[in-house]
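Here the structure is laid out as structure tokens; the discussion comes afterwards.
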């Protein structure tokens, strides 16, 4: 995917009296690996939800490859090329792993040959080391396996930008390694990745660029080294009880 | 036996100046501790206390006590209702009946509502404006003032506050009422100069029955607030509560009569606690065996399971009762030996009289019982440890569990209590209505309307919702243009409100936002 | 685990399917019976949404009649005693179910004749099938005029049943026009001219209301009609609407059945609308079941009601005996349709004896037409049928195969808690028990 | 014993079992095809089967809507009623659009035409309702559809000038066959054919990508949407589709095929609840299971009107016979409620599910994968609890 152009323009989201996202603006124009960090309740997940079309922003606009996507339903956003995973995994429990893979496959390419898609799904599952679970109901999967399944589903969509919400949380170290590889591989394929994680080590190791959210506002946007020394960021993290 | 003018005495006791004074002193004091952001000024509270105490006595004061946020809205609505009522009456006498409805359909009405609801939210999004409440406001505004609101909102895209919606909604209501008054001059709701007595009578009917409806709805909302499920067995628990009371009264009075040799009848109020205890146990047991697994993650698709399993439970109760009690209508003795309370007719000027107003005695009694029980429940929820634990569980299960509350027990308690409230309203109504095993169906439908209107999970919402539904049904049947169809559509009026609330504002009046 | 579940479900299913119905015959001591029995089909609503309370009473009456006939050595045909057995099918109050069950009774239970039904809609829906299968039928409760009128008049696209030779269907319940006329005549004789009809939204209420309204209007009275839905509990809003009228109506006539009518009547009297000195309260035959009535309408004193069927003061010994049995079983006075249902079985048994056959439909129909039999409700006979096919000018079509004499009276309670058997008959004058054609509230006759 | 062993070995693999399952299914269909030709069977038995087919369509289409697509609607009977009422009204009154100058006389509309229009209108209402329901989930959706169907029923009852009220509305007979036996035979095959066609179409939908998307939406609407499934389109689609199926079934059934008139009582919540109970008992997530559940439940409700409890040999009851007869009355519905509750609690997928699973060989695949997964079970992370 060569053309990547995500522009987030002064996006805000209010829940009642709570300003969850406060006039956030940034853009992604090349296949970068972007980390998004911030203390608990900083608005990371809300921003992800807004960007992926799960909730409407209160104000502001988001453009993806020239198309306005804010306020559009999630499936439109997904089709426009922005895929995401969930912090708490959302495997489709009473469907087999293969069926889980086929849903985005068929949704993305309605007319596609089913067996070819299945072949592709098996390849991806093999890549993620869960091919032996192909016919298993996904409710029977462990937490880590579900994370892998979510990542696999994203590949079926061939998005240009991927938002990974806490991909390492509660995952066995061996599977974490697989996820690391996955991220590198996808990145090498020319996709932009926005990685949200509490795991500072992983974020600093992987990211080329960091976004820091605090009280819903974007307080820093830059290379990891610069951000690390940004006084606002230090204030945000030290001024509060940092979780994890 | 008819006690003349007892209604007046009763009003003096239950509402009136004494309660106004109490309200004036009580309301400002209770608001002090609340952490509400929109602090209400003491003067406002005093005025609200006076008015609510004067009009509704403890009911009104209690409502504001537990839900101070209501004050502003209530005052606003009361003002609007009065304005609407008076101005329509005046207009109806001035305007030619042929003209307005055609004109209205062109200048406002459903067509504009649909247009505005379709286009305006898109416009808001296009200009990146805050589109909260825009859909509702557009529909209401289009209905009320058509192109005017369309132009305004299209051009300016103003931020829509709650007041906007109230204003636009009442404007629409005003138009409908005016049109109605113009086209249906013989209707008792508009006939004769300011037909106040009739409307007061119907509103009183609505409040009395509505407060009774609330009791049952409160049970439903309590279960929802803690467990997040809607009990579809609620109507049957209500029905069976009535039967438990009936059989208890019958057998115990027979027993006592046999024992003493004299005819002894027992006041049906004693049936209420009996029904309450039995049904509480029934509900709690059902919860333990069939709903508990749901919270333990043993069941997939929890909400569907909850609907079906409670539904099956209700099915079982209804037919078991039918098999045991038979299809013949039953009823207990009455609560009080007063057939009705009457406020006598008073001639105020030569061509304006007020009254008479009648309220059925037993019904008024049941209303009092219902209101007392609701406030007892509110007291329990707000002032006792168990009640607070229940509320805490309803707000955040995990957090509650951390503070040492056992959510499993709270689930059982909430379902038991909710079922118990249904049974208590059943036991409170069996002296009033003929009782058959399928009596729950109509009542429970109404309870659903009430809880959705009030906001699922809100107890004050259920109380207010009950009264609103009661009034709507009474006015609907009382004012329907075709007197022969009004009563047949009685149930339908509430259902229409229900559908509208679900579509326009699924969270109801007090419901929590779904996140 | 999986296999267990499989077997359990199989066993449950199998166990349930083996519980097949088997009919059991009763043997009796003192009569010699033939091996074959005469089977009569009954049709009554035994489960919701039908009127279950009515259905179970009818079912009881059918079986009681069969038991009493069998105790009297059954049906004698050519010197042989045949036991009689009534198989009741559940119509559930629905025409569709009624048709299906009738078909089952005819084809599987091989019934020789039919009795029933409660709901007119069921009666109307089953008539074609009964006719096509040539089943002599005596209906004991449907009121719709067309049940009998269809014998000689087209109805809803169905050709007259008599057209192709024999009409097998008879009715001993009144046509609703017969009931309406008595109540209307009574009220007109009292001089009412402002009538409120409160009517249920059903096949019973609507035609009855239309008929009564037409009669009132023909006599120059004004009629306002209020529809209500069955199952409504709270009538106060609509009653307040009546109360808000400038003039109180002269009469409120309730054409609503079951517990709905009890709720309505009670709320009406609690609000002081009727019965009062200004307004007459007229409810319907359900009020005759005085235990139920007083239990649910404690303030319903001085309400009048139409009574269909023989009046208590004229109860024959048979009627008294039957009522005693009913009271023993159900703890209330026998409703007229249970009496009629009981008699219907007797009429069929008698016709079979006279026809000398339990299966020759034509002979049985001829015998029913020639019925002249004194039973619990009085003397049964049919004026118009194949034996007398020409209805004179002015005789309504529903008189065809219709027992012309169901006694329709207006009765009135005048003491709280009074038994239906003691209530005053106020109209027609020939049956008056207390010498008064209306007991004004607050007085006693 | 030997036979059983051999049998067991042939069915011990998924393919064998599935083949065996198809044979059993085929035999069942053959039985239904042969049934009306059994001269010992009365027309009544056929009537019972005809209404059984009708309820099987209702239950299986509800299973598609609620079990597979997760849209928990109580409005199914109302859509059936719309199909039947519209067909009846059109055949009686014709179509008149005064403003457009269109007037089609009732005579020019055939029974089939009326049924088609009824089906289309049911679909159209399904479209509107489906659109209105987009924002509502689970309990809210159930409540809204209850309100919708109650409103519809009250209207049909109250506007008796147009709808016939509780007398019901006669539809134009679809078949004009004078001979009762032949007519019943034809009605039987017609309704059975309709059931098979509906099942096939629904089966096709359920196994197409659409079915996959619907199940994904049932599991998690947000996740499905994030995976690119157009949830709006498919949610509306499934409402339209099932509404049309039940509208068609209703219009055909009440065109004197199963019943000659539709009455508003048919639209009561009780009737709807029976449909739901049938589907639950048969298996909410299986079309065939729900259809069979309806068929079997109706049969059982009928068969248990009277339960005969045979006494051990030599014992007699007071009236001299060897058995007690228990008129079950309302008890059988109470028992039905108990079965429903226990089915839900302990056999979530219905009483027939184990049989269907067994025939599909699905449990064998499960066993294999479970053992595979166990073999590399060195992960210490636990499966997460329900995602709800």
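Letters A, B, C and D mark the chains in the order given here, with residues in each chain numbered from 1 onward.
Just so we're on the same page, contacts are C-beta pairs under 8 Å (C-beta built on N, C-alpha and C of every residue); 3 or more make two chains touch, one makes a residue touch a chain.
Here the structure is a predicted model, which means the values were calculated and not measured.
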Centroid-based (C-alpha) most distant chain relative to subunit D: A
Distance from the mean Cα position of subunit C to that of subunit A, given in whole angstrom: 73
Centre distance in Å when subunit C and subunit D are each reduced to the mean of their C-alpha atoms: 36
Geometric centre distance via CA averages, subunit C-subunit B, whole Å: 41
Residue numbers of subunit C (touch at least two other chains): 48, 201, 227, 229
For subunit A, residues that touch 2 or more chains besides their own: 93-94, 139
Sites on subunit D at which at least two other chains make contact: 154, 157-158, 270, 329-330, 333, 386
Which chain pairs touch, all of them: A-B, A-D, B-C, B-D, C-D
Touching residues on subunit A, where the partner in the complex is subunit D: 52-54, 73-75, 78-79, 83-84, 86, 88-95, 99, 102-104, 106-108, 110, 114, 132-133, 135-137, 139-146, 153, 157, 170-172, 174-175
Subunit D residues within the subunit B interface of the complex: 66, 70, 72, 132, 135-140, 142-144, 146-148, 150-151, 154-155, 157-158, 218, 269-270, 273, 276-277, 280, 329-331, 333-334, 336-338, 340-341, 344-345, 348, 385-386, 388
Partner subunit B, residues of subunit C touching it in the complex: 48, 52-53, 56, 198, 201, 224-229, 231-238, 240-241, 243-245, 258-260, 262-263, 266-267, 269-272, 292, 295-296, 298-299, 330, 332
In the complex, subunit A residues that touch subunit B: 9, 14-17, 56, 58-61, 70-71, 93-94, 139
Residues of subunit B that touch subunit D when the two form their complex: 224, 229-230, 232, 289-290, 293, 297, 299-309, 311-320, 322-323, 441, 445, 448-449, 452, 456, 485, 488-489, 491-492, 495-496, 498-499, 502-503, 506
